[in-house]
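A, B, C, D and E label the chains in the order they appear, each numbered from 1.
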Amino acid sequence: MVRTILIAIGIPLLAYGFGVSFMMFKRKIAARIQRRYGPTFIQPLIDTFKLLSKQENISHGIMYDLGPILALAASMTVIFFIPIPGMKLMTGSADLIALLYIMVIGSLVMALGAGESANPNSTIGIARALTLMLGYDLPFVIVVITLVMKYHTTDLYKIMQMQTGGHWAMWLLPLSAIVGFIVTYGALGEHPFDVAVAPHEIATGPMAEYGGKHLGLLMINHAFHIYIELALFVDLFMGGASNLFYFYAKMFVIFVIYVFFDEVLPRFRVDDAVRFYWRWPTILALLGLIIVLVR
Amino acid sequence: MIRKITYGIFLGIIVLSLILFFAAFPFGKNKMAVGKYYLKNDINQTGAANVVTAVTLDYRGFDTLGEVTVLFAAATGVAILFYVLEEDKKKRERQVYPNFVVRVGSRIIFPFILLFGSYIFIHGHLTPGGGFQGGSIIASGFLLLYLAYPGERVNRSKLSVVEGIAGITFAGLGLWGLFTQGNSFLFNFLPKGQLNMIFSAGILPIIYIAIGFKVASEFAGIVDDMMCEAVCSGGEK
Amino acid sequence: MDMSLGVLLATPFVGGILAYLGGKIHRWVRYTFAILFSLLAFIEIFFFYNTTVGNYVWGRLFGSVLVLQINPISWIFAFIVTGISFLVILFSINDVEGHKGLDFYYLELLFVEGAMLGITLAGDLITFFMFWELMSWTSYFLIIQGGKKSITAGYKYIIMSVIGAYSMFVAIAMVFGRAHSLVFKNVSMLLSQSSPAFVIWFFVLFGIGLFVKAAVMPLHTWLPDAHSEAPSPVSPLLSGVLIKMGAYGLTVLFYGFLSVQLIGKLAPTILPTPLLLYIVEWLAAISIVLATFLAILQEDAKRLLAYSSISQIGYVVLGIAMGSSLGIAGGLFHALNHAIFKSLLFFVIGGVIYRTGTRNMSELGGLIKKMPVSFIGALFGIVALSGVPPLNGFVSKWMIYEALLQKKEVFLLIMAFVGSTGAFLYLYRFIHSVFLGQLPEKYKDVKEVPFLMQLPIWILSALTIVFGIWPGLAMNVIAQGEKFLGITPIKYTLYGFPQGTAMSSLKVINISSVLIIAFIVVLALYLMLPKERFVSQYDTYAAGQVVTPETKYNYSYGFYMFFGRVINPIFKWSADKMYEAWARATKVFGDYMRRVYTGNLETYSSYIVVLITIVAFVLLIGGKLW
Amino acid sequence: MIYYIGAFLLIAIGLYAIIIKKNLIKILIGLDLIASGTNLLIVSIGYVKGGTAPIFSKGNILAKMMVDPVPQALTLTAIVIGASELALAAAFVVILYRHYGTLDIKKIRSLKW
Amino acid sequence: MVNIANPILLIAIPLLFAFLIAVLAPWLKKGVKYIPVIAFGLNLLVVFELIPDVLDNGIVIATTAGIKPPFAINVAVDRLSLFLVLIATLLGFLVSIYNLVYIKEEPAEKFHILFTLLVTGITWMIVTGDLFNMFVAFEVTSISAFGLVGFHRDKDAAEAGFKYLVMGSIGASLLLIGVVMLYAATGTLNMADIAEKIMRFTFKQKLLPYAFIFTGLGIEGALFPLNAWLPDAHPAAPSSVSSILSGIMTTAAIYGIIRVTVTIFNYYQVILFLILFGLLTLMFGETAAFFQKDIKRMLAYSTIGQTGLFFYAFSLGSINGMQGAFLQMMNHSLAKATLFLVVGGIIFSVGSRNIDDFAGIGRKMKLSAFLFAIAAFSLMGLPPFFGFWSKLKIIFATLERVNVYTIAFVVIVLFMSLIEAAYFFRVMQVMFFKEAKEEKEVREAPAWMLIPAITLVVIILVLSFYPTPVINFAHKAAADLVGRSVYINSVLGGL
């Protein structure tokens, strides 16, 4: 019982720790790529605390307030259903399919909150984000189905377990893994898929109106978000990990590759992004699926 | 032209097939089935010397009622079609004067025509003749009068009263037979009398007289309507 | 007990007539009767909970008996019918007041309810067809009360319905020609003994009738027009209930008259599902995707919801046609859920139309502050519809996905998934354009809808939660129904599904409780932080410009235009255009046909002569007619 | 037999007149021809070779020697019916002329389709 | 006491009264219009007296001139005839009530005469047991109809009447030729007698007289290539006459064809061939109706279509098919008569026959519009109205044997029903839901014009919800008809 409570408290903290560390690394690595020195390592943490402690907070209405709150709550919920080495709590209650839907809650309420701010920039951002989601969802679903077909279960924990001992899905299903990588990349919203935020066009999109403690909550949420996407990728394709260190290491490797791409690529137009997703990744994913089905 | 030839051929085919059909029932051959019965039983059953009359008025009297009705309907129809309001009629009155010979001659002949017609329908059950023939002859007398005096008019409503009463007589006789005597429509309930006498054949002469009046008045009515159309309303619209 | 079915069926009809007559006295008498009798029907339904009552004979015709029955499957649908109808009548009272055709409105409404109830209670095909037709044309009269455009929409609706009904009619007549009895049991017996060709004919012809009502593509074209142009309270009835009759019919057709084994025998196939069902599944999947895409591009709120209905009924049909226990249960459950949340959404938009008079989404906006209850209703509706936990849409969609995975029908699954993701797009568009964004100045004084119109919204919102967290409640009946149909009933718990039912277990209560705890934690954190202050909607970031009421600073027209650019090539062809082309061709043909009446006497006479000539000619060449 | 053929020809000519002729009066004549042809046909059907009229005008006439009385009765009826029809048709022609000012059937076709 | 259950009275009484009108007209200018009502009221009594007799014995026969049937004309009412006689008398009675107010134009008394004769002729045609007598009745009917079509004496009436007259006369002549051919062949004119005697003839020999009679009756019965007069004549006539013409006259002619085909010729080789006529009539009628702007013309074309439908059902040749045909006949008679009566009332008030001018009628003439809707529903065959049961029966009868042909037939029938539904719904949309362009004073039709339509609609509704007796009765009628021996034996051997 005590252990359960401990784990219940521990999982979010761990996730936040992981996520925020990636945010820190990102700024550092990006700076190095651009031959800058970069801000202090803990700059994201500082920003978060600064925002949370702001005295001047504006609000556009109840839904505006509820948006970040619910988004954060939803992200925290998701974390409980993603297996972490040694901390299995809720993974039996929701499988991969359910998880995909639980992951949407956060984005949806966030969008509702941003919607009430009555700023067209936010709305455009959301419209773009949703469209992009429709774009990468198609290949992603195919990849997920490929995995389910391969392992004959939708239980994430079981999928992870079956990959132990180096039988990573990444090696067995390289095509799907590549697609999964691209999709996770889009889900993270980094270049070239940062159409939803696009600071130069629509003033950071959904976040345009948010400031103060709301933005602080959103930054926490962002950390969770990075963690969720990476953990999911690691669980699905890299066999999870036997302990937390390996887990972190795997996530870190993936993340660094992301950052490299992020820094060198320009931005897609949103319909081009959708077209991109519906072309090559989809074809590759279908190929992977067919290979699994035929075998 | 092609049309004409085509339809000519078509009609030829029809005629040919009709001929082929009737080849099985050649002309002059005795084809009677019910006819024999009529010829045999006519005298006992109806007492009319003229079998055709017996058939027309007794055996197939119901047909004749229909025939009378058709004529009645046609006369009414013509009256409807030529109907003009009274005031319009007067306005359009136009006098035509035929020559003297016609006027005087028709005056002389008219009673004889009436007499002749009456003779024919009264003796309908004895001689070749009957109500239709007699009635038509009487109507032709009216036609003659119209030729002579285009301006004069028969009293149309009285004509229609006559035709109505005649029709009622026919139908009423039939119903009388049905209700009182034989439980059969047009039952010949009067005594048959002696063959070839004027008072024979039960109700047949009465019916023929009624028909005579009816046909006469109806044809006269039709003639009157048409005369009116030609004379009173001449050249309208 | 038998008689009680007759009483149940008679209730709405009697209510309708009484409401009409009572309306002559005072309008409130009419309302009282309408509400009373629809409520009565709803209560009566519960006496039949989980029971199977068979064969109440209510008439005889052409040597066949007319029979009423109820079983758990029809109970589900009867429950939907009476429940939603009751709410619709509640909602109507304020909404249609002062409406022109008011005299007959409640009569028609209750007759539609009665007809649909009759469909669910029918125990033989004549009764079924009779009520089916009755439903078609009574609902037609409801639809065309929606204004000018609704007449065209209603025309389209009735024509397509009649086509469907006639197709079904032929199927019924085919059976009658062989069996001379149309009681369901005899029909299934006959079909099990007939040749495959006959059964396939029956399947296809009967199915077309059902597909038209269920609006499965490509027979859906009546639905967007009819649902969007109908009066506000009628749309929930149409979308929530009427198209479910198609789903009910399909269930009866697939598993009542036929069975999976029997359909499998008709056309040998290597597919996981019998070929005929597989085709139905594909049609449903195509409906899901295309209707979703179309819904994304709509500007009219009700039209958007109408397309959404096509897509959601696609899930229902997909589930039902799957042939596995889980799939059928999912389909039936989704039918129930869709009735709940789609009616809810239509009620909400009905309320908005009632207050603002427009359903053009780009003219609306910001109503959340004016109509909070409606907003909550809309929120529950869209969350439930998009299949996001913890509301009810999630469970049924999950069941359908799992069933598809079990049967390895992956391509269908992909399409179903894409449709579901697409739903996020149009649902967000719906709620944003109506309730979020900027409030136009002209709606400054809009008020919340009256209490009677709020009531359905509250009730249905509550139901989305109830069935979302305790799906076992619905599974009770559905499992009974599956047992009735001769299918192994699924295993279920009150909160979800144990291991072995699907590819994995599910406990909905865990998801929702974690969500609630997390929400409380974050809310606590939020409340600890400094307080916020509310600002007006014009106090927004506008690149330094000042936003005033006059400047329209809102994004709502052509919301997904960029997405439209991606998918436009798909919509070059549409079923609608095809039907119109057919109709035009028929019309031109008919126009030529009637030229035989030339007005020319010679021609007419020549017809006679030609006719006789033909006979004569036949005779001359030997009298052989053929 | 010649009577039959004559009757058929009358009927055929009547039909031909109705189909081909444009003048209303000629159409009426056509109608009358059909009626006359039919009547001729009926009467000739009733003929029995060597028969007398079916009237018992003198006592010594045998029923066996008579022609069939039925067709004669039918003819009587048919003639009257034909005459009534013709009268009505003539009336219609007059009315038509009043409205259209023409007797050409080709021009009288305002009702069609 | 006199037995008034005598079918001859059905003809004699109205004839007597028709003549009476002519007599009384000069003195009772206003009063004569009540005479047809009395006449058909009495007729109705007679029919009601007949019903139990016919139900008990299957057939009631009356002779004329007190001589046995093959030698004198007889009148026979069996179940099928009773079916139609009842409708004809009922319609005659109701429509004559309608005429009380409707006929204002002079010469009214002549109209009433012809109207009485028309209905009498129709009844006559149905009850007679003699072929030549049928021709005479046919002539009574058509000559009165010619006169009535021309009653308005305007351009349309004259043209329609003349065309009708020419075609009708040709038809009558053909019928007569056919009858005469049969006489030449058998030497008798009684239907039962002919039926007995014609059995020895071959198919080929029977074909030509059959073709002539069929064509003759088919012209009046509105079968496809022969029906061109109908869409002109029905609209041109006064509405009350149209309702009789459409409601029962074509049906009576079709009855004649049925009698001739089944009872006399027993012609099953041809009967299947007749399906073609039925379907073509149906198709041409319904498609042409779809394009009409004039409501009465539309209804007239719809009559053609309906005639095709029940003729098609009859020509299926099975008992079930004929049962369906009889039900549809009844449905069509009642519904179409109602439609014409109601439409007459509407035209009476609106002053136009164009459908577009009917906008907003649904609110101003509520009752009329309601009656129109019910009758149209029944005609279309929407459940639960009577037409639904009859259409159901027809389709069921068609699909007794499932093969490519029957499926094709059913598709055609249903497609045409669809077209019918389409144009009726269009009219109803205009009536109920379209706003009138200009506000006109439109009042409800007078009560005396509504009462007949209301009565008919009540009958339709009663039949809709309680169709079983009629359905059973139609079944027996069809069985009797197909059995033939009932009719022939009772006519020849009875009394």
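Note that contacts are C-beta pairs under 8 Å (C-beta built on N, C-alpha and C of every residue); 3 or more make two chains touch, one makes a residue touch a chain.
The structure presented is a predicted model; accordingly, all values stated were derived computationally and were not measured.
Following the contact convention of this document, C, E is the list of chains adjacent to both chain B and chain D. More C-beta pairs in contact connect the chains of A-C than those of the other pair, out of A-C and B-C. Distance between Cα centroids is largest for the pairing of chain C with B. Summarising the inter-chain layout, the chain whose CA centre lies farthest from the centre of chain A is B. Centre to centre, using the average C-alpha position, chain A and chain D are separated by 100 Å.
Rounded to whole angstrom, the centroid-to-centroid distance between chain A and chain B, based on C-alpha atoms, equals 107 Å. Taking each chain's centre as the mean of its C-alpha atoms, chain A lies 79 Å from chain E. Work out the mean CA point of chain C and of chain E, and you get 44 Å between them. Counting partner chains per residue, chain D has residues 11, 15, 18-20, 27, 45, 68, 70, 74, 77, 81, 84-85, 88, 91-92, 95, 98-99, 108-111, 113 touching two or more of them. The multi-chain contact residues of chain B, meaning those touching 2 or more other chains, are 7, 11, 14, 17-18, 22, 25, 31-32, 34-35, 38, 60, 63, 66-67, 70, 73-74, 77-78, 81. Two chains count as a pair here when they touch; such pairs are A-C, B-C, B-D, B-E, C-D, C-E, D-E.
Interface of chain B with chain E (complex): residues 17-18, 21-22, 24-25, 31-35, 37-38, 45, 58-63, 65-67, 69-70, 72-74, 76-81, 83, 85, 157-158, 160-161, 163-168, 171-172, 174-175, 177-179, 182-188.
Listed in rising order, the residues of chain D touching chain C in the complex are 15, 18-20, 22, 27, 105-106, 108-113.
Contact residues on chain B toward chain C in their complex (touch as defined above): 7, 10-11, 13-14, 16-18, 20. Interface residues of chain A facing chain C in the complex, by the touch rule stated above, are 52-55, 57-61, 63, 65, 68-70, 72-74, 76-77, 80-81, 90, 92-98, 101-102, 104-105, 108, 111-112, 115-121, 123-124, 126-128, 130-131, 133-134, 137-138, 141-142, 145, 148-149, 152-155, 158, 203, 208-209, 212-214, 216-217, 269-271, 274-275, 278, 289, 293.
Listed in rising order, the residues of chain D touching chain E in the complex are 11, 15, 18, 24, 27, 31, 34-35, 38, 41-42, 45, 68, 70-71, 74, 77-78, 81, 84-85, 88-89, 91-93, 95-96, 98-100, 108-111, 113.
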